[in-house]
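Report on the following structure.
Per-chain residue numbering starts at 1, and chain names A, B, C and D are given in the order in which the chains are listed.
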Amino acid sequence: MTPLALLLTVSSLLFTCGLFAVLTRRNAILILVGLELMLNAANINFIAFWRYGPPDPDLTGPLLVLFSIAIAAAEAAVGLAIILMVFRHTRSTDLNRLNSLHG
Amino acid sequence: MIPLIPLLILSPLILLAALGAVWNARPVHAALLLALALALTAGLYLTIGADFIGLVQFMVYVGAVAVLIVFSLLITRPGDEAEELARRPGAAVSGLACVLPVATVLLYAVSHTPDLSSGASESPTLPLQTLGKALFTDYAPAVLAVGVLLTAVMVGAVLFARDPDKKPPTPPGP
Amino acid sequence: MNLFGKWRGHSASRPGSGQNARATIGAPPRWSMPGLGLFKGLVVTARNMMQSYYRKDRMTTVQYPEERVTISPNFRNFPFLCYDGDDPVAGLRCTACSICEKECPPQCIYIVLDRDENGKSLKRPKLFDIDISVCMNCGICAEVCPFDSIYMDGQYEMSTTDRFGGLLLGLDRLAKSADYHLKLRPLEASEVAARRKAEEAKKLAAQAAKEAKAKTDKEAKAKAAAETQTAATGKGETA
Amino acid sequence: MSLLAMSTAESSLWSPEWLPRLPQRLVEMLLRNCHAPDWLVTLAGYAVAAGTVVAVFLTAFALLSLIERKTLARIQNRLGPNRAGWFGILQPVADGIKMLTKEDIVPAKAEWFLHLMAPILIVVPSMLALGVIPYGREWVPVSLDLGLLFFFAVGTLTEVAVFMAGWASGSKFPMLGAMRAISQMVSYELPLIISALGVIMVTGSLSLPAIVEHQGTYHLGFIPAWNVFTPWGLTATLVFFIASIAEANRCPFDLPEGESEIVAGHMTEYSGFKYALFFMGEYLGLFAISGLFITLFLGGWQAPLPGLTFVPSWLWFFAKLVAVIFTHLWIRGTFPRVRMDQLMRFAWLCMIPMALLTIPAAGIWVFTGGGLKGWLVIMPLLLIPWLILTTIHNRRLAPQTRTYTFADS
């Protein structure tokens, strides 16, 4: 197994894990955990192709990872702020309870 | 094969931590395991030569995102553990049913990825100067966009997190 | 960065609050240099620290086992029993009246009266125990004692490894001479001594008077008897 | 590999500059004479270098625990510990024996694994952070190109550790303490990192030795070119120093462990050696952040005057470290603890704006080439916002006038 294939496998399994969390969890914060895992899996792909792919003098992969990390942080911050607001409204972070528009 | 050894050690650990994050019934444990998975990923980056990315990943994910998640878990007092355990089997079945096709497709694609590593250099390092120059020349619009995004996020988070019913804090009288 | 900013109007409303009173009374400044308050505080502590090395009056710590503060005459701790003269048994002022035993709020005093073989009171304690693990140093025993016998001690190093026997003071440890009392609390002790002396003198005088009276009575009686006798003989002689 | 290259320069082996590296070089020479493979020599060299740093700072920790108590006592006109040994010099030993022989209690409701991991995770990042600081011209335990980033990245681990300690204890005070600690650390990490950005811009490197080298010249022949002696650097120094007090959880920002309010914060349920580990982590963190402060703004191991370079550079570093640590103690002895809302408002509304302003200021400084022109341009840029911010703060935070109903008669 080449290093590239190994990293890609890890990344796809991580992505699967994250997807599983997003699909099965009910707590909104834990769904965010799954989202972070998925983003992370994508980042691994970028780095793997930069490191074990053809030479990349423009550093496209690492640059994309940098932006992706920044956006992931922003996403987490906004997501958690929204969850906190929802929690203040309904006293719960269970997404199944958010079934009415008229809070 | 020697450069493969750290990867072979780290990869299963990352996957185990991620599985824990996904499947642990206690939300705080799940969040801590997420932090572990992200930290191990940072270690993975460090071992394959992307030092800068690894450290940034560690700083942002472990120091900020994981801590933020953990903190909001504390504030929101997550629900009943027993309830979560009770609905697990069904959730597992339906979740796997959805996820397995995705995993199959992904792994199939990976197994058909051509070996590109013939053209790769033995141990490339991340040249910081190039990275910085690229960020402020070719990628300057993107950097600006991210800056605007982060500012918007900060303002938005402050607005969201503000308690609407609360009066503005009065100066503390003694 | 005046986080711990001036408490405007606060010090001004408190007359004479320490040495800064003059500085803060009056109109508070509308604006002061931010961070100046912090800096002033730092200067104060720095002066404290520097002066602690050469100004003896700043350091109030007394290195206890080696140095001690002289205790005030008003300091009072557990009680002790006073005796006159040199013999702690014979000179004991206590008469085992057990007023203190009855008055003691935590009931830490235990007295047994000494009696002779006929069961007659000897007016002295056979047993006088104070449990200082119970005693609360209230000093009521000393207040109520009519015989100037029990006083509060100045001894404070009572710690012991034996928590039962070591804290139960018997006569041997309670009895202390009047000289000790004089040294411990000169004013009170000399007053007591003077009073006791006066009382003693009064008693002696009373006794002397009584004796004298008895003597005169006796003499008078004898005289009267003699007179009646002579009268009788005189009558007999005349008859 | 740079380490290996340095250690082959045998000529200067016995100079005082090399003294702290002596154990490492002796081990390397010994191994090389035994014809050990190269990787083993390097590894052993690193191990001994790390051991030196750990030994030095554990000794310093023991000494500081005594000196802190002595200094605070003097500030309060007391004597401080003076019973164990000469002037209390054996007090740390006595404390250590006491801590080690205490019973190690794990509460019934605690998560034992996280409860065990938390004190370890507190100590490890501080030790790692100590490894990248340049202590002397020749004494850099691990010379990383990304030293500064490494320092900050490792430092974030402390937050997770504090959270683990608070949560795993399974009781209220640790939880409250951990929440306070995390919110404080997250808030003060921002100004800490942002105020360091100016240094990075001016130096053009993330490597700590390079940052020190950059401050090595002297203006007018006697003013050292340390970053603190520039207008943006002065602001950044103040911001960084205040933020570092908060990051080290020290007075007046020691809310996470405020004794009078929440017992000992996240350390409440710890005893014995684990508690000692928390203290060790805290003090090592203080050393690390002070070392970084010196490296970034106070010229690292550079001598304050050009004529004083004959003193070994690492002695200068430790002299500065002593001065910075003493300032920490002095501040602890002076200021009362702030309230939580004051702490937060101060971080977000005063520290972060000022830290952000140092970035354009540093840019202008580089652009104008420094000197008088730089001062004239930058001073108003920094001074005016500072005065506005602090005046607003003073007005909003000042307590209202007290009116006494009965007391003033």
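Following the convention adopted for this analysis, a contact is a pair of C-beta atoms (placed from the backbone, for glycine too) under 8 Å apart; a residue touches a chain by one contact, two chains touch by 3 or more.
As the structure is a computational prediction, the values presented were derived from the model and not from experiment.
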Chain A and chain C, separation of their C-alpha mean positions in angstrom: 81
Distance from chain D to chain C - Cα centre to Cα centre, in angstrom: 58
Geometric centre distance via CA averages, chain D-chain B, whole Å: 28
Separation of mean Cα positions, chain C and chain B [Å, integer]: 77
Junction residues of chain C, two or more chains touched: 7, 10
Per-residue multi-chain contacts in chain A, two or more chains: none
Numbers and ranges of chain B residues touching at least 2 other chains: 52, 56, 64, 68, 174
Arrangement of touching chains [line / ring / star / complete / other]: line
Pairwise chain contacts under the document criterion: A-B, B-D, C-D
Touch list for chain B against partner chain D, complex: 28, 32, 35, 42, 51-52, 55-56, 58-59, 62-64, 66-68, 70-71, 74, 128, 169, 171-174
Residue ranges of chain D touching chain B (in the complex, touch as defined): 114, 145-146, 149-150, 152-157, 159-160, 163-164, 167, 175, 178-179, 182-183, 186, 189, 206, 339, 341, 396-400, 402
Residue ranges of chain C in contact with chain D within the complex: 1-10, 13-14, 31-32, 34-35, 38, 41-42, 44-46, 48-49, 52-53, 58-61, 63
In the complex, chain D residues that touch chain C: 71, 74-79, 242, 252, 330-331, 333-336, 338, 342, 346, 350, 386-387, 390-391, 393-394, 397-399, 401-404, 408
Contact footprint of chain B on chain A as seen in their complex: 1-10, 12-21, 23-24, 26-27, 29-30, 32-34, 36-37, 40, 43-44, 47-55, 57-59, 62-63, 65-67, 69-74, 76-78, 80-85, 87-88, 92-94
